[in-house]
């Protein structure tokens, strides 16, 4: 079984020359739930974009055993679903149904299959009744769930999420944790909320200033108070 | 300024709709080849930007209490090019009509021509003409202001023309035209200044966005604003004094030419023979030809005796309609209550 | 600040809401054309025409207060032009209306016709919009021949109006919080320009993100949607009723009133 993600010596500079990611080497097992933690501006979002082939730097990026190049982007993106930070960017169609159907339709599925996938995805995130709603009629929590449904409907093997806990109240955040824990896919989640990360992840990678500082077992890394404080993070509260 | 249904006749509305549809169809086909997938989202968002931008208002000079806002057609045409600008503003006009009921369904064709197509192309053309050649800050300033003013004038002039062709209004064509042009001269000037200011801001913060249309700095300097204001004051003043001496007031004019002719239509709406001809044409081809006043509905002219029966039928019509509406409303209410009780 | 109220009634459910958007659109278009082409001085027949859209609105359960507030909101331009009519056309005319008799001018009658037509056509348009989801309307319009590019534009536009208006509100609130006194015109202009500029830049950034979201879901330039429109029997019934109503007034009521 190939690794979900393999990155070797990946380096990327912004157009203005400042370094965004330098010499990233990372390997993620299939089925893992991994959090990318790090302070603001550490390069978490850029790394997620690199995994989906939106950022072209030097080095190698393999998704599900497939090296990203210009020719196979469509294939890559049917295996790796990438959910952006702001649900308003992710939900761009007039109704929720159309949004969730957008991916499957682009994969070339038949109408009946698309409908089945949309129904299933909406069921999974708990919005089964709301397919006909317009995105601007949804609450913040519903928007977040809807954004995830747009990815699930494509049934990718890997899902990346950028700060999915942003602007959610504790109850919605708990619901999100439950939802994400039940997903069978490999999850790669960027966040700077350590409680959220601790509740969810089995693996963690600490990123700062575009470099990987530490990687490994989530509990181990996040309980190292010295390491966390050095990079502007906190140790999660003990739960359970 | 949005044209309204009520100021149009069906032939004029249909004609404008046909022109607007043909124009938009042509642009869409032309643009399809140059629009890349990533431009789709950009154009849609910029349409929404135009809406949001209209909420950002600011105090106008010399008129406390009034505020202006940007329309954005020329700005978009300068940044995106005229085709894409025209499509974006057209979609804005369509949404304004459908969602916010600005202007009517029948006036949509006119509004697309007036607000989207004419300003986009006229504005772009003027800006490009003035700024052709090596970059020069003054020329960019003059070009943007001029583009806004002239484009606004062009679109403002079309409203009275379309209304006159339809012959619905009693206001004389010239009066309406002059009022519209005068008001929009000021609107256009403010639009021009704000367009320059926004272009300047964008050039400063994100030069990559405006690299094609504004390669160098343009500033809204105090002197430039003052000079523009002075020039416009002179132009407006000269225009008003010329008109005042040259033409009789529209009001006087409509009194002066009110002989007791049997044919009222000619004087009611307009003076020029072209418009009278258009009126006749319209009477011939409109869905329901216009009835002359004498045989008209509700009333009758003073000379004739009022036909009591005519008065009563119209009374019955109105009262009957009102009664029907009340009945419908009551039935719906009862039904809904029943529904609620069942639920 | 929430702007969802603009279209909230379109998401209700009623027999009218379930009608096909194409049928509704065409009926409203023809209705508007009929009303506009009425003689310039006929007020009473407008009342008969008003029954149609009124019935639809009531049937669909749209609150009438909302409707009239909306009409009032968009009326200023028409109101000014209509009120200018009495100034320019003072041909005297006496109007008999049931037991009443007024001496007035043709201008006033024109004024009232214009306002009447405005109200009736607005009723029809609001009846269409507040009973049809915008998405369905767009799909219908595309089937009726609106270019696809424009349909996509309108979809995006409709979606992001709400987002950007909220953003504009936030910017405006920030300005209101900081500006304590009236400023000179040029300063006002500069501030407005930087607000508009930053709004513009944010719009462009949002467009970039949306573009990433689209490509991440396999978008390759071909716009694919599933359309759900189909004409059912009740649509045909509605069409028939509308035709009977309009023709009925045209052929039977109008000759009596005129």
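Think of it as A, B and C in the order they're written, each chain with its own count starting at 1.
To be clear about the criterion, a contact is a pair of C-beta atoms (placed from the backbone, for glycine too) under 8 Å apart; a residue touches a chain by one contact, two chains touch by 3 or more.
This structure is a prediction, so every number in the text was calculated from the model and none was measured.
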item: Chain pair with more C-beta contacts, A-C versus B-C; value: B-C
item: Farthest chain relative to subunit C (centres taken as mean CA coordinates); value: A
item: Distance from the mean Cα position of subunit B to that of subunit A, given in whole angstrom; value: 47
item: Between subunit C and subunit B, distance of the C-alpha-averaged centres to the nearest whole Å; value: 16
item: Approximate Å spacing (C-alpha centroids) for the pair subunit A, subunit C; value: 41
item: Sequence positions of subunit B contacting 2 or more other chains; value: 41
item: For subunit A, residues contacting two or more additional chains; value: 92
item: Junction residues of subunit C - those touching two or more other chains; value: 7, 134, 155-156, 158-160, 163, 206, 210, 214-215, 219-220
item: Residues of subunit C touching subunit B in the complex; value: 6-7, 28-29, 32-34, 36-45, 47-48, 50-51, 54-55, 58-59, 61, 64, 70-71, 74, 77-78, 81-82, 84-99, 101, 103, 106-107, 109-110, 114-115, 117-118, 121-122, 124-126, 129, 134, 137, 147-150, 152-161, 163-165, 167-169, 171-172, 182-183, 185-186, 188-201, 203-204, 206-208, 210-211, 214-215, 219-221, 223, 250, 253, 256-258
item: Of subunit A, residues touching subunit C in the complex; value: 49, 52, 54, 73-74, 77-78, 81-82, 84, 86, 88-95, 97-98, 101-103, 105-107, 111, 114-115, 132-137, 150-151, 154
item: Contacting residues of subunit B [partner subunit C, same complex]; value: 1-2, 4-10, 13-14, 24-25, 28-29, 31-32, 35-38, 40-49, 51-53, 55-61, 70, 87-88, 90-92, 94-95, 98-102, 104-106, 168-172, 175, 193-194, 197-198, 200-202, 205-206, 209, 220, 222, 225, 250-251, 254-255, 258, 264, 268, 286-288, 290-291, 293, 295-302, 306-308, 310-322, 324-325, 328-329, 332, 336
item: Complex contacts: residues of subunit C adjacent to subunit A; value: 3-4, 7-8, 11, 133-135, 138, 155-156, 158-160, 162-163, 206, 209-210, 212-220, 222, 224-226
